[in-house]
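Presented below are the structures under discussion, each in the form of structure tokens.
Next come two complexes, and both contain chain A; in the first it sits with chain B, in the second with chain C.
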Partner chain A sequence: MYAQVYLQFFKTSLSRAIIFRRNFWIHTFTSMMWVVYYVFSIEIIFRYTDSIRGWGKGEVLLIVATLFFIDGLRILLFHDNLRDLPSQITEGNLDLFLIKPLDAQFWLSLRRLNFTEVNLFLIGGLLWWYAFSLTAIQLTIINFFIYTILTLCGFLITYALWSMLVTCAFWFPRIDNITELFNRILEISKYPTSIFKGAIRIIVYTVIPLGVITNFPVQALAGSLTAVNMFYGLCLTAIFLLGARAFWLVAVKNYTSASS
Partner chain B sequence: MPPIISVNNLSKIYTSYKKQAGIRGSLRHLFRGEKIATQAVQNINFSIDEGELVGFLGPNGAGKTTTLKMLSGIIHPTNGEAKVLGFTPWERKTSYLKQISLVMGQKAQLWWDLPGRESFLLTRAIYEIPDNEFNARLKKLSTLLKITKLLDVPVRQLSLGERMKMELINALLHNPRVLFLDEPTIGLDVVAQKIIRDFLKEFNHVLKTTILLTSHYMEDVEALCRRVIVINQGVIIYDGLLETLVKKYARYKILKLTFLKEIKKADLKLFGKVVHFGGISAELQVSRGKSTDIAAEILKKLPVDDILIDEVGVNEVVRSLFSVSNS
Partner chain C sequence: MLLIKKYYRIAKIYVARLLVFRLRMVIWTLNDAVAIFVLPLVWLAAFGDKTQIQGLTKPELVTYYIVLGIVFILATPHPEDHMNQEIKDGKVSIWLVRPFSYFKNYLMSDALYRLVQAIVVLLLVPLVFFFYRDYLIFTNITSLFLAIVAGSIGFLIFFQLSFALGCAAFWLDDAYGVHNLYWFCTLVFGGALVPLEFLPKVLQSIAAVLPFRYFHYFPVKLYLNQLTTPEIIQGFMVQLLWFALAFVIYKTVWALGTKRYSAVGG
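And now, the complex of A and B:
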């Protein structure tokens, strides 16, 4: 049944996207500008140095490209849904989702696909290719496979973290713009996390695991990620997903709806 | 046969935080909020048999919607229990949710930018409705509600009434055994109200769907429900036939009059109790059975420009009920 429902979400969203197809070109243009901005900001840093704590320019740009993939997926599947979740809760529209014989979290996280940023995959792909050519990495099926898996893990952690943030709206009603904050935080993950020290360094590998989200995949590709860290990445993903699920269930149980 | 809905000592207390006005108040609130408990529903008991169409009445904030939300599983009660179709609603078992439906006049569940049909396809997938049943029901429902031609028009281009009809279709496609309706006719014009009313009546009659309905419009309740449950401040104060309730408490109708020229209040007093008097307009409270006779007489004797016979609103009936229940 869930596959059927998801297919319907997909079709409906596509019909909507066609209505608003002009947005697509505007967004493509904006995304291109972002790439230029990222590449330039990194280009400037590398004008003064050859490496940032062991990361060469190519590797850093690979992180950026990986972030583009994660962002592309995240926006395609979740963005509109999680952005709107706080207002759904505050305005009591959640009621209508809770009375359906379909998991409300599934529904509320996935019902709308946002196709406006699919260009990120193409742009990210081009950037990835360019960045890769700057490195000395040997591409093998194995390291590419691990890279893909860890990128997906990064994507799932991103979802879980974001989902937990918006679920807070059950207790704190006015957090509609928390998605904006989340986007800003995520943007930090375009840098190698090794630039951080002390407490922040611990944070970016645990509570807000930016390092795991974008750095691990690229390290795996370059062959510098230890097996322990790989295992850690997988476990952390599971913990985040389970945490997000548990948090949601507690929240719904305490849901008091809004008056109508 | 056991009742399809049974409610035992159900209570709901909402906790919220008191906040004083102003910046200082906000700051204080930030550190130690003072809790206030609002008792929305207090130990209510009732049961409803399969196929009944029951009206749930009460002023705003009486606890009607809270009760509907507990019965449809949206919120957990603070105390007490309820069984609907043998299930505890707030456990939200899939097999339960597949048999019920809820329509809220104030909330839309259809996709705003797309035609109703797209939303119905999603409903079909969620409830796993077989194709032939889906098509037959969609045809039947849209014919009954007279909106066959509008199925392919984006919802945002529909009028409020048309949209409400779409919402009803969406809520009924899976053929629920129990239907909760929260103010289904709110804000609609008289014609749309009537179509929806007739439709619900037919639906309840033919399919024996159990319906629990809240409404502010006396006409809704009069046209549809034989039985009503009246709730005030979270407590049930009447549960029985509507007929008995109306005979007992709505003994009057209101005549709304507009005159061609100013008249004297004394002239009106002969016909009934003057509730409102403004020289060329007035409202008169007259006994229920005699309203048409009195209206005819006023037309004969006074320079009437316009006359309207109105129901005392449901709130009026409920209010007179409260004045009795409070004393």
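And now, the complex of A and C:
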């Protein structure tokens, strides 16, 4: 049944996107502008240096490309839904979803697909190819496979973390701009996390695991990721997903509606 | 006297409204503050064994980003998004008949927002000090004073231009792209991404003729005491020129826009 419902979500979202074509192109143009900005911000650093704590330009751009894939996927599937969740809660619309014979978290996370950033897959692909040619990485099937898996893990962790943040709106109303802050924090993961030291370094591998999200996949591709770290990445993904689910259930249990 | 009373009343209402949404404001502040905790670290890592990049030492570059971050938070007005919505929804109509202009309304609410936000920034300052304790540069009171003056003038120029940008909604159904382009220019040509002297030559010469450098970059350079006296005088002169130009731009765009406007939905 969930697959059928999801197919319907997909269809309605797609026809929406087709109706607002001009909007689609404006957003595509805009997101390409920010892609240029991202890449440029890395290029400019490498005008003045050859490495950021051992990461060459190619490797750092591979991180950026990986972030584009994750961003493309999360915006496509989740962005509009999670962004609007806090205001749904504040305005009391949530009741409507809770009484539906479907899992509310499923509905609220996946109802609307946003097709405006699908160009990120294409641009990410091109950037990936360019970045890869700058590195001396020997591509093996097994490394590429692990890279793909870990990139997916990064994507899932991103969703879980974001979902937990917006779920905070059950207790703190009027934080409808929290997604903006989340976007900004996720943007940090375009840099190697080795720039951080001390407490922040611990944070970016545990509570806000930016290092696991984008750095691990690229390290795996280069063959420099240890088996222990790989295993850690997989476990962390499971923990985050379970955590997000548990947190949601607790929140809904404590929910007392806003308006009515 | 009556005038002061009027503005005081209005200011009180705005501040009260702001405080209702204080958590929102804290989030916006943190949103801008993230850069302070990242960009200097990226550059510190890029320094490697070098002692200077483009003539800037580690402390100079770190302090650049910290001061720029603070100026950015306190002197970046944002009327355009709200205006866009209000114009599209036809809510701007009421302002055409009120004895208090739409422009003043936004100028006051934005300026007060920045003042209240300054409290949040003050709370962040000790954290920044502790975090970067080895790299901070304190210049002198005169530099700080000049930076505050330049930042305030910059804010007013920026505000007038952002207001004109908000008026784009009179013509465009979807001003999203234009807003983003403007924002992009603010970051690249205003020195938030990197100090302008780090940009490739072509972009430097573009930045030289655009107003963006006078919003954030110029005050930071003043604070860092990296400008000669003629450069300082020239900087302020150009700021005043941009102020006048921005005034003409916003007045014109507003006049043309309201002439064109036919209240949607009543």
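Keep this in mind: the second predicted complex is superposed on the first by the 259 of 260 C-alpha atoms of A that agree within 3 Å, B and C clash if a C-alpha of one lies under 4 Å from a C-alpha of the other, contacts with A are read in each partner's own complex, and residues count from 1 in each chain.
FYI, contacts are C-beta pairs under 8 Å (C-beta built on N, C-alpha and C of every residue); 3 or more make two chains touch, one makes a residue touch a chain.
Small disclaimer: the values here were computed from a predicted structure and weren't measured.
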In the superposed arrangement, which partner chain does A:7 touch: chain B (first), chain C (second), both, or neither? first
On the A-aligned overlay, A:19 touches which partner chain: chain B = first, chain C = second, or both, or neither? first
Chain C versus chain B, contacts on chain A by residue: C
Quick one: classify A:92 as touching chain B (first), chain C (second), both or neither. first
Should A:231 be classified as contacting the first partner (chain B), the second (chain C), both, or neither? neither
Return first, second, both or neither, reflecting whether A:129 touches chain B, chain C, both chains, or no partner chain. neither
Counting only touches as set out at the top, which of chain B and chain C does A:171 meet: first, second, both, neither? neither
Would you check which partner chain A:102 touches, where first means chain B only, second means chain C only, and both and neither mean what they say? first
Quick one: classify A:145 as touching chain B (first), chain C (second), both or neither. neither
Of all residues in chain A, which touch chain B in the complex? 1, 4-5, 7-9, 11-12, 15-16, 19, 92-93, 95-96, 98-102, 253, 255-257, 259-260
Which of the residues in chain C end up touching chain A in this complex? 21, 23-24, 27-28, 30-31, 34, 37-38, 41-48, 50, 53-54, 173-174, 176-177, 180-181, 184, 187-188, 193-194, 198-200
Sites on chain A touched by chain C in the complex: 22-23, 26-27, 29-30, 33-34, 37, 40-41, 44-45, 47-49, 51-53, 172, 174-178, 180-181, 184-185, 187-188, 191-192, 194-196, 200
Looking at the complex, which residues from chain B come into contact with chain A? 14, 61, 65, 69, 72-76, 92, 94-95, 97-98, 100-102, 104, 106-107, 109, 111, 113-114, 118-119, 121-122, 125-128, 182-183
